[in-house]
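We call the chains A, B, C, D, E and F, going by the order they appear; numbering starts again at 1 in every chain.
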Amino acid sequence: MKKVVTFGEILARLTPPGFKKMSQTNQLEIYYGGTETNVSVSLSVLGCKSVHVSKVSRDFLGKAALSNLKSNGVDTSFVQDGDAPLGLYFVEPGAVVRPGVISYNRNHSAFRSLEPQSIPWEEILTGADWFHWTGITPAHSENNFQALKAALVMAKEMNITVSCDPAYRTGLWQYGRKAVDVLQELVALSDVFIGGAEQFNELLGSDFSLSDADFTKGSIVLKAAFPKLGNIYDKTRTGKNASWHQIEARMWNGEAFFSCEPIEITHIVDRIGTGDAFAAGIIFGELNNYSEQRTLAFANAACAIKHTIEGDANLADFNEINQIAEGNTSGRLIR
Amino acid sequence: MKKVVTFGEILARLTPPGFKKMSQTNQLEIYYGGTETNVSVSLSVLGCKSVHVSKVSRDFLGKAALSNLKSNGVDTSFVQDGDAPLGLYFVEPGAVVRPGVISYNRNHSAFRSLEPQSIPWEEILTGADWFHWTGITPAHSENNFQALKAALVMAKEMNITVSCDPAYRTGLWQYGRKAVDVLQELVALSDVFIGGAEQFNELLGSDFSLSDADFTKGSIVLKAAFPKLGNIYDKTRTGKNASWHQIEARMWNGEAFFSCEPIEITHIVDRIGTGDAFAAGIIFGELNNYSEQRTLAFANAACAIKHTIEGDANLADFNEINQIAEGNTSGRLIR
Amino acid sequence: MKKVVTFGEILARLTPPGFKKMSQTNQLEIYYGGTETNVSVSLSVLGCKSVHVSKVSRDFLGKAALSNLKSNGVDTSFVQDGDAPLGLYFVEPGAVVRPGVISYNRNHSAFRSLEPQSIPWEEILTGADWFHWTGITPAHSENNFQALKAALVMAKEMNITVSCDPAYRTGLWQYGRKAVDVLQELVALSDVFIGGAEQFNELLGSDFSLSDADFTKGSIVLKAAFPKLGNIYDKTRTGKNASWHQIEARMWNGEAFFSCEPIEITHIVDRIGTGDAFAAGIIFGELNNYSEQRTLAFANAACAIKHTIEGDANLADFNEINQIAEGNTSGRLIR
Amino acid sequence: MKKVVTFGEILARLTPPGFKKMSQTNQLEIYYGGTETNVSVSLSVLGCKSVHVSKVSRDFLGKAALSNLKSNGVDTSFVQDGDAPLGLYFVEPGAVVRPGVISYNRNHSAFRSLEPQSIPWEEILTGADWFHWTGITPAHSENNFQALKAALVMAKEMNITVSCDPAYRTGLWQYGRKAVDVLQELVALSDVFIGGAEQFNELLGSDFSLSDADFTKGSIVLKAAFPKLGNIYDKTRTGKNASWHQIEARMWNGEAFFSCEPIEITHIVDRIGTGDAFAAGIIFGELNNYSEQRTLAFANAACAIKHTIEGDANLADFNEINQIAEGNTSGRLIR
Amino acid sequence: MKKVVTFGEILARLTPPGFKKMSQTNQLEIYYGGTETNVSVSLSVLGCKSVHVSKVSRDFLGKAALSNLKSNGVDTSFVQDGDAPLGLYFVEPGAVVRPGVISYNRNHSAFRSLEPQSIPWEEILTGADWFHWTGITPAHSENNFQALKAALVMAKEMNITVSCDPAYRTGLWQYGRKAVDVLQELVALSDVFIGGAEQFNELLGSDFSLSDADFTKGSIVLKAAFPKLGNIYDKTRTGKNASWHQIEARMWNGEAFFSCEPIEITHIVDRIGTGDAFAAGIIFGELNNYSEQRTLAFANAACAIKHTIEGDANLADFNEINQIAEGNTSGRLIR
Amino acid sequence: MKKVVTFGEILARLTPPGFKKMSQTNQLEIYYGGTETNVSVSLSVLGCKSVHVSKVSRDFLGKAALSNLKSNGVDTSFVQDGDAPLGLYFVEPGAVVRPGVISYNRNHSAFRSLEPQSIPWEEILTGADWFHWTGITPAHSENNFQALKAALVMAKEMNITVSCDPAYRTGLWQYGRKAVDVLQELVALSDVFIGGAEQFNELLGSDFSLSDADFTKGSIVLKAAFPKLGNIYDKTRTGKNASWHQIEARMWNGEAFFSCEPIEITHIVDRIGTGDAFAAGIIFGELNNYSEQRTLAFANAACAIKHTIEGDANLADFNEINQIAEGNTSGRLIR
């Protein structure tokens, strides 16, 4: 059983049922997520030993969040608790031409107050096969950045593979550091890169387009700039509207470009966390030494099935994902 | 802030959740609407000062209906109450090849009992920029017809622009008057016409088709018959089935024909009130002196987004509608 | 009023709401069904006198199941009760590329314990116009097989038309008999056959494909093997994914091949029981001496509308189905 | 199996969940009831053949109401349908010091439009053992009064026992007749009287108090005035508040006074229909020739258990009621 | 119509349904409240013109909160919005021996960021009859304290009566000032005091007990210390457990002690906001020049009925409260 | 951290919401429990390392059950899975005079099919401080009896304290052995006994009453018969009705009798699992070397608070229980 360590904020998502506006309802649904949390949960459901490191509120909401992670098999022994509240986000759901809207309430959360020195990274990472981080975590606070950097340094020492998804950052990066500086430092400590033109351009100050050709060119430049990096993975999405997308994946292994069959999601159930499902799929493929082609197909399938699952994390197990990865997208009832 | 006055019945809609038949559920959802009410709510959410005039039951249901209008900012000071019950309608929802079905319970409602003389139209209309009516109101009873006529006469005196949507009347018009007589009298007092071939033919005894050419021809004849009329707006809908429509809008300004980009609603959430959303969009465009093209696009966008919102009234605000009117129909998540 | 008798297990279906996984919810929806039950309910809603014969648990769950059948007008006077539990099945719903998954809990149900001798078939079948059975019932146990055989023998004596749908049997047939032997014996006692290549091949040991040509060839061979058989009906389904299917129907009347217009179900609400809705449509057409073409269209329409109705049985009435059978698949709102 | 016929309006009850005010919710619960309907359902659940005569709307709501009665075994063959809507009532629930509030919407219902001549009373009453009516039915309209009177006259001819519960009439009696005249005429045709001081005083113009002594005195006077009357039953209720009542029953058999043990309902779940549950208990006792004491205890138990059941009708079966009638009010869990 | 101005934070309450622990549910109920908000809503429902001054988040949650206030008739024209989130609190409900538990998330809310100078108190208070404040508002931040003080100074200038409820403060007062200093300054500007021994002792450094005698003594001392103060009101509560309380009220008018009949709340529905309901009752009595006795009875009744209403604010209207104030605590169903 | 091992069936409970009868609802609530499971969950929430040994179905329902245990921190590593279904029970809830009713569906469950030899008791029990069993487990099947006996023999060898709760067995014991023989054998291997007169009499063939005197006498006889037994604990319950109980606890330590303050549960939320909560409280007290008095008070408090928590297991943590054990039963809201 492979051991994967993740580090990041656990968030509670609060959202009206169905397609109601917030002012139309006196009931909300609650889910627990956070981008790294979602990766941890998905890998646990896939059969890995997932250890998630974080800090939550010391109240019943923090306990409920951990309860949710534990229900999915995630080891929460190294999650701290504190006086500040759990990070939250509210979602007003969208459909067709109406965009969903997210409003965050996380700027003074327990996670931001986490003391970098308080995390026993050596103990946590012992026996680990993989460490995953995203660009959200260092975007919160100096504390969070330092804690993440300490993890990456330790992972390097211990020869643990590190993947990064240096994306999603609207409204963050308000503690004084420039995103590009921080991310460059952290990507330099990483082995697997999940991102495309947008991330390339941020890190490199370049101007690559979303084309396959530019993905390849950008990958070459990126690997030159960050020599520790191995495989580079990207997913692309074309959307008819909020309810109907088509997804695809591609990668550059340093020598060749690979892509996979697109999958059409004609009736999206829940779009949140699909990128995290993709990342977990990549990590799972890499951990199991899948071929480039199979890893891409598996990750794309993981991303696809997450669109049909409510909540933030991909709860599909290996068989459910693998069947789609092998091309069976018929969704035919199983008796 | 523009002031808009509307007059019409407030209805409660009762409907099973999901796609259940009435016999399958012991839970119903309740929404408050009515065609003119919906216009009033939408314009209030768009930032106008909406005043809705009506009469409701004096019980907790009438209070709840007003509470709902007030929650959306509508001024209900001129809504009367009485002993008769609130008008109701039950909906068994449809999907794909299954039509939704509506059953009304409004024939002896509080609204029908409204005394025309009891409405202080002069006070209500003072400072108003617009008055809107539909063909539903004069179809109920002599009382309702007389009250509406009094409003239109007063509006004319006070130089307030009047729009009409002389549609929807199945099962009404049972109090003795002929629809065509009443509607001719009322349309003659109006400035903006929302309707197409069906309405033309009813008013004119003509036989226009749904084509653009006939819309133009019909508009010319209509304006000749009702010289006070200015712009004439129409929307058209082509439906694959109950869950998937495409909508379009067109208008005749007396000199030229305009149309806008169609919008495809691939996953309809709630079709009720989409025509009222369109009417509110027209009124908003006219009140803000939008170009013909922009008014059409805005109204079509308003109609489109209403298909994704549960309940009778369009609760989308200016930004939500305007973004679609400007061509962004991707529904991409906003963080 | 035509009288139709059916015999089979009544099952309770338990399923999470929306698209939740079982581990995500503390609420389940419960529906009552079973393949022959569904046919009985649908024919009752269509205006037939439906009598369903079965055995349920003697507890409040068995009572609730009967209550549900009675609410739809089914005569349950000949349903027995016993100590064993009601048969159950749990469904984890699917969407798009995610298959729904069924898990049964029926192996020791009250229905299996039914004593063949305890059923007064003569009394039950008196005055009946039709008897319908499926391949599920004889697949459970010797008891269930013998009881069904007794019914068919009695029906033959009493000149009651018998239809069969000898399908669906995954995981059953564990009591010692071979399916092919049992089904051959029972089909030989039947008049109307609902099934296609899959069923032909099982009964005949043949290798027909799903093509129309093979359906015709197979029908000819089948009728030769089972001379009592008259019309043979089949439905075909092509699915984009779990949420979007297209359905079609065809038949062989001994002399000619008939097919009908396909219907596209772009937004599937509930796929379970659509085959039973089709069977009920066939029986209704036959009972009312519809032409081959009209029977096919009616059955295909019944199958189509069931995709939009929650639960196991088709609750659409004659008008709802007939309008679709006549080609109106627009699903336009009825006021 | 005893056959009992009832006649009265079927109502749908719409009520917010929990203890919410109407303005606090977008969800309502729906139940089907009506005072005579409730008696019919309860007797059906107790094992009688219940036939309920009424008229409902021809829409899906009327169908759903009948579906509900049928689910409880009531024979609805003689329920007519028509264009007018189903009678409704809305309830804002109460608790402790807060009264529940009912608002009716039944003044123009399908039931009121029922044509007296259209009911085949002879056919309906053939084989019946009992007919039950309440003071609600003749309070609606001349139509309803005449239909009821015709039933009573026929019942008398056919020697069918008639019970009456001439109570509950707030806001009714608006069609021209005086309640006292009508009720005197109808009570004179009845055999079993369910009512106490309030009913005595209305019928007799007397001034009896709620005391046991006055109940006896009033019964004697009542029987003198209405010689056909046999047993007279009454229930009394003392309430700490809306959530906590104590109930008791008493009767006069023409010779002696009987009473039973009071039952304390410390946590009322649903108070509506408890009087109807009591009436059904009386009828059941009489039909089964219970002793006075046992009938009282059974009816009081039926009334008691209804306080714990949601909805309008008492769905408790014989064993559930009888155990309480025999003094076991512990409510101890049954495994 | 009396005009009442309040100032304080608007909070959203999030709570599991029924008696579930947070970890047991994926659904939460949402209510909008806040101690001063609750007073404003209750007075609006009682028929006053309520103006509430506050600051909310600029997102859809802030809009939904205002929508809720408007639905109850509160004027929200002077509510500002800002970038910080809406204040929240989570409640894990209690019952019997299990305490409910509250966890706040309000330390960095929009309300705390309110700029004192940005409030046009003169405009707001023009025409006002009453201003009400509580000890929560000045406990948040210097901003909130200064804004409140400005309101009180302005109210004094404009001769507007000021009531205070200087209670509830656990976990607040973290911005540097001592509660006693601030409260003394603000109480000195107030006319009506709602509080008892606990508040006396905090303000005076005294040691009064909860006895009636000490309430009188304390009132005398308090009035001596704060000469502007007129009537002093207090409520007392004795609780069997979390589900069953008895409440009582008393007051000192400077010359005499008054108390009222206790009311027993045997089945508490929602205890939150009952103190605010009491305060609103006091203010309503004072505004209408009720006698001391009637004001106490009205406020105690308001407090009592709030225990039966879900959510934070008392939504009972005048008749509902008054009937209890007049001694009718039977909760008898109103038809 | 103390380690506690339990062994027994995991059951899913399915129950209508509120107080509905099964025939009144299309929604059920699902909880996971089982008597030994409940003890395991409660001790985990109290801070012990709980290991539960069982066998579940291999489907999504079995996975959901384990997910629930894991969410509460229970180690499920030694839970097997198999083809047979998960054990179920349906509950129709009761209130006041109406008893709740349970209907089981567990006779052919995965747990019964468990192979005794397949459990690595030595590995499981290594490091354990406590093993707990109940009379349910050996009542199912020879398999279950042998597996339990093997655990007890191993526990004895490893000097692990064993507690037993040899109760609850209606409808079980159908595999051939006599309960008394099996229980005598298993109690002889146990150290702590949880039970009273009913259990004494079953094991000893005696006739003790429920009095304290008889509890003491019975305890003395029991200890004489089973010399390994140490402390004997019992709880008693007096119930006004299904919604209102009073609970008390007592024990005999071999030398003296102890009892504790009764606790009144005036508004029962969920009575199921209260005995298991008591057992967990006893075990927790013993593991922490509490005095007899404190153990009793703690266990009684645990039992009390479980009455207010929905679901089968006691989810209250140490502080919540301890506060009640220390006499604070006020349930006062904690901010």
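Please note the rule applied: a contact is a pair of C-beta atoms (placed from the backbone, for glycine too) under 8 Å apart; a residue touches a chain by one contact, two chains touch by 3 or more.
Composition by chain, UniProt nomenclature: A, B, C, D, E, F = 2-dehydro-3-deoxygluconokinase.
Worth saying up front: this structure is predicted, and the values here are computed from it rather than measured.
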Chains in simultaneous contact with subunit C and subunit D: A, B, E, F
Listed chain pair D-E, A-E or C-D that repeats interface A-B [over half of contact pairs the same by residue number]: D-E
Centre-to-centre distance between subunit D and subunit B (centres being mean Cα positions), rounded to whole Å: 44
Approximate Å spacing (C-alpha centroids) for the pair subunit B, subunit F: 62
Rounded Å distance between subunit A and subunit F, as computed from the means of their C-alpha atoms: 41
Contacts with 2+ other chains: residues of subunit E: 21, 23-26, 67-68, 71-72, 101, 104, 267
Residue ranges of subunit F in contact with subunit A within the complex: 67-68, 70-73
Complex contact set, residues of subunit F against subunit D: 18-21, 23-24, 94-102, 104, 168, 170-171, 239-244, 267, 271-272
Contacting residues of subunit F [partner subunit B, same complex]: 24-26
In the complex with subunit A, residue positions of subunit B that touch it: 71-72, 263-270, 301, 304-305, 307-311, 315-316, 320, 323-324, 329-335
Complex contacts: residues of subunit A adjacent to subunit E: 14, 17, 21-23, 25-31, 57, 59-61, 63-64, 67-68, 85-86, 88, 90, 92, 101, 103-105, 107-108
